[in-house]
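Below are structures written as structure tokens.
Two complexes follow with subunit A in common, the first pairing it with subunit B and the second with subunit C.
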Partner chain A sequence: MRRLRKFAGSVLFYLFVIFVTAFYALPLLWLVFTPFNPRATLAVEIPAQPTLDNFREVFGNTFAMRAIGQNNLILATGTMVGVTLIATLTAYALSRARVPGRDYLSYILILFSSVVTGTAAMVPIFLIISAMRLIDTHLGVILVFIGGYVPSAIFIMRDFVDGIPRSYEESALVSGATPWRVFLDVALPLVRPGMMVIAIWAFVHAWGAFLVPFVLLRSPENMPASTAIYSFYTEAGTPNITLVSAYSLLYALPVLVLYLLVNWRYGFRFFGGIKR
Partner chain B sequence: MERRPILSLKTGLLFLLPALIFITIFLIFPFLWILGVSFTNQTLTGKGALSPEFVGLANYARLFNFETWLTRGNFGNALVITAQFVLGSALIGQVGLGLALAVAFYRRKGIVREFVYTLVILAWIIPDVVVAFSWIAFLDRDFGTLNQILSAIGLGRPDWQLQQSLLSIIIFNTWRGTAFSMLLFSSALATIPPSYLETAEVAGASAFQKLRDILLPLLRGHILTDLILITLWTFNTFTPFLITGGGPAYRTELVSIYTWRVAFQFFEFGQGGAIAVVVMMINFVLALAYLAMLRRQAVYT
Partner chain C sequence: MARVVLDHVSKHFGTVKAVDDVSLTIEDGEFFALLGPSGCGKTTTLRLVAGLELPTAGTIHIGARDVTALAPRERDVAMVFQDYALYPHMLIFDNIGYPLKVRGVEKNELCARVTNAARSLEIDHLLDRRPGQLSGGQQQRAAVARAVVHHAQVFLFDEPLSNLDAKLRVEARGFLKHLQHEIGITTIYVTHDQAEAMALADRLAIMDRGKVVQVGTPQQVYRHPRTTFVASFLGNPPMNLLPCRFERTRNRIRVNEVTLSLEYVPQADTLRARVREDEELILGIRPEHITLHTTETVYAIPGEMYVTQPLGAESLVIVRVGDTPVSVRLFTDEPPQLVGRVWLQPDPKRIFFYNRNGELIE
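Then we have the complex of A and B:
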């Protein structure tokens, strides 16, 4: 009886695994095969003669390459640097100075950032960026990204800073170092893993984002891949599937590489107070 | 005795300054600004751009005009669609599937788990437009993988984008976002001491009893956290726009897409502002409900 039950449990488990695998893998098959297919369509076909010609076409397309190699890189790197610096400074201050209400602050921030979010937030943000004369500039997009990501980044970073021992900083203070030097020379090296996590997290988000550049950028030469991809049409006026599929894979590649890196280095798991 | 803080209050506030500036400009200020704009007839071009006039509650009245409220392309219609979308893809889809995955792989290690988790996480982290193109191909009536399979087993070729558009984006969003719930529940389950379950096993408890009487009660707090975060995110997501564009005939016009259409396609900022204020109010109520639940949770533990 017990063995029968165990057997039934195993069967059920593997049926579930098969179902989930199919559900998750099938929609992605197109992305795996089509970029290497000389006749790319919406159908999933395992190419009889795989080719890299589609990628050659992408690399030959200056507009497409500028979007990914220049615009995406500027947006994601700028956001990454801004978010990491600001979140580290803030988390350190919240952890080490007796700021009134500091224990609630990161919670309130994260809640507020989930309230002022999405398309609804883009309406006033568009007007603010207009007033700052930053419409159709990379700086405008980066600033909006930083404003949107900093609350979560502070939340995650706070855990890392709280986790490092205070004794090193205390002895540095006793030997007469200024607070700024203590932060730079003693605390920063200790929280470097946390900064890495934040940096990768911010980079991946900014790299893949669609809505903010879609609303704030106007001219094609400023667009990142997420909006530039919508101008890949053939002369007949239909989407150029060949270009779109190869470009999609190329565009997703940095995210996949970073995921593998994080998974190998730290293990992909939750950081921050969510685990309570 | 409490230890001396490492940073003085003054230096601490100095460190906080950059974050405070960004948060003021991009979180607090937008909320106040849009509240003001929602009482005007501001537009991008024309008369409303140069000298917007105060119109009182006119934008709100238009939004809640109950004669046309529920008709296609109006706010009520968008709210009803969004409610179905949140119920289907967030509450049932993501939380349900995430919980099922976490429980199914509880105390299991090895290649099967790694493989399934990686797939689910990939669906979550690949950029929006890439998964959108992949899903457009997947759902295509004539060439899509889904219909290839369905017609091979004799179920015909339904036109997903046309006839089942809302169902399509509900399934898509479940696929897209389940990873978060799965990871949250997995890390929560990992903190449960194995002795709890071992005792139950000695007493002869079935798998279902262990789930109902041990795992689920211990996960209660995490399920609440997950529910509210997922609800907020799903309520505000714009990604389905990349698959359906809100169509056909407004049948997948979520509130986020409706907001975009009014504010950025027609550039009626006054009207768009009123929508944004109402949406943020809804978000705010959801967030408050979350805080209240967290506090109750804290009293119990």
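Then we have the complex of A and C:
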């Protein structure tokens, strides 16, 4: 009786695991197989006669290709550089300086950050960017991204900075280095894994973002892939699934490659501390 | 080379007085230890000298210069940290050379000096490794090499041996003292280990709750502790401290149920002059200054033998006098049989009396 119950328990457990796995894996499998299928549907099926024709057609769409190759790259790289620089410096200052209430400051910033890139703030953000005459510029979008991502980035980064014993910096100070030199020579190399995490994280978010560029960018030649993907819809508004899937795969690949590269080189982790 | 003078230095963190009106003079070329329990302010004092903390009050001089408000890099000191603080992302060579690099020392000279320092500390075969690949003892040597490579005026050591195991620690003690002797540089050494301070220092200061309690050579401080705190901090086992009562009119001192005639005590006149009738005192006697008798002896305090511990060359006997355990050190490798009643005869020249505040009556 007891063994039976145990058996039934594990069957239920594996059924649950299979269900959850399928839930997350099916869309990914669809994305992997569909682009090679000449007649794609929304069902996951291994193509009987795989073809590269879909990609040929996507590559022919210069508007969509410029979105990935140029606009997405500018937006994501700009955001990545800005967020990483600002978050690293701020997190270092917050970790090392004796600022009263600094812990509350981090939490308040985090709360605000979810507002900045959220839907509710779109009207004020549009008005601000418009007043700055940055509508339809990449800079405007990048600034909004930076404002939205920096607080969470600071929060993650502080953990990395806090994980570095102060004695490293103190030792350098006594050795004769100026504070700025201490930061460059000692602190920065030690928080580099954290900076990589922040950089990738900011890049991926900016790469995939839809709402902010959709609202702030007007002209087709400035649009990133998330909005340019509509060029694969028919005029009636129905998607051409074969082309959309091929384009989506191209859109997802750089991020995957970047993640794998960093993971292989530094190890992707969301906590601080250093391996000695 | 310089002498270091702290003049009425205080450091407060909020309401906590980490260092409280400390005045010290560390002579040129001296090996000076700051000794005390954790939280006594010894490390803060060291950090004040390094410039990693700025004093709330008082002044600090290194040589002829007033460094009180100077940044660490302007003080020309070298420091070894408790965790060594070797930069994990740099090779040992770059770690040792870092003080020279930031001072803009030319490359050939840097290379020569790093190699020299490493050779004198016997780690020249490890220069192309990273700190994580070194053992604790090697890391400690690398940290010392980084301190000696640029010829600073003062060495500061913050418990540099506390992360080593016991055997290495004794070894490192010897090499540190030899090195300091060879270079002859003024050294301030922070430790909570009394044996380490006694073994290394020319002079030491004992700190308690932010204040300096006593300064002197290890011998002076060991032989003549000015407070019960110092008496109980130095020595292993520390000085025996027995509560007693001064019975002036009856010319004796009462320790629990037994009495000790004042005739026996050299300080009798001082006690008569300073201490009131029936005042409670503390009698201090080091374990090695007690003779153990198994038969009743005049001027001896009776007690019950509690335990004996052979310690190799010597033996330790714990005797209970009333409720107070008294340790007796015997310079024999054969501990005595555990018998019941014994008599403890203190060496009268080595007895100290402290008042209830723990201050020496002299």
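One rule holds in what follows: the second predicted complex is superposed on the first by the 230 of 276 C-alpha atoms of A that agree within 3 Å, B and C clash if a C-alpha of one lies under 4 Å from a C-alpha of the other, contacts with A are read in each partner's own complex, and residues count from 1 in each chain.
In the analysis below, a residue touches a chain if its C-beta (ideal position, glycine included) is under 8 Å from a C-beta of that chain, and two chains touch if they have at least 3 such contacts.
Just so we're clear, the structure is a prediction, and the values are computed from it rather than from any experiment.
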{"item": "Touched partner set for A:10, first subunit B, second subunit C, both or neither", "value": "neither"}
{"item": "Per-residue touch tally on subunit A - higher for subunit B or for subunit C", "value": "B"}
{"item": "Touching partner for A:118 - first (subunit B), second (subunit C), both, neither", "value": "first"}
{"item": "Contacts of A:147 with subunit B and subunit C, given as first, second, both or neither", "value": "first"}
{"item": "First, second, both or neither for A:51, with subunit B first and subunit C second", "value": "neither"}
{"item": "Touching partner for A:94 - first (subunit B), second (subunit C), both, neither", "value": "first"}
{"item": "Contacts of A:231 with subunit B and subunit C, given as first, second, both or neither", "value": "neither"}
{"item": "Touching partner for A:177 - first (subunit B), second (subunit C), both, neither", "value": "second"}
{"item": "Contacts of A:251 with subunit B and subunit C, given as first, second, both or neither", "value": "first"}
{"item": "Subunit C-contacting residues of subunit A that also contact subunit B", "value": "170, 173, 274-276"}
{"item": "Residues on subunit A engaged by subunit C in the complex (per definition of touch)", "value": "165, 167-168, 170-178, 181, 185-186, 189-190, 274-276"}
{"item": "Subunit B-facing residues of subunit A, complex", "value": "5, 9, 13, 16-17, 20-21, 23-31, 34, 41-44, 85-87, 89-90, 92-94, 96-99, 109, 111-128, 143-144, 146-148, 150-151, 154, 166, 169-170, 173, 179-180, 182-183, 204, 207-211, 215, 225-226, 229-230, 244-245, 248-249, 251-252, 255-256, 259, 268-270, 274-276"}
{"item": "Subunit A-facing residues of subunit C, complex", "value": "50-52, 71-73, 75, 77-79, 81-83, 85, 87-89, 98-99, 102-103, 131-132, 146, 150, 156"}
{"item": "Contacting residues of subunit B [partner subunit A, same complex]", "value": "3, 5-9, 11-13, 15-16, 18-19, 22-23, 25-31, 33-34, 37, 97, 100-101, 104, 112, 115-117, 119-123, 125-131, 133-138, 140, 142-146, 148-149, 175, 183-184, 187-188, 191, 206-207, 221, 225, 229, 232-233, 236-239, 242, 256-257, 259-260, 263-264, 269, 272-273, 275-276, 279-280, 283-284, 287, 290-291"}
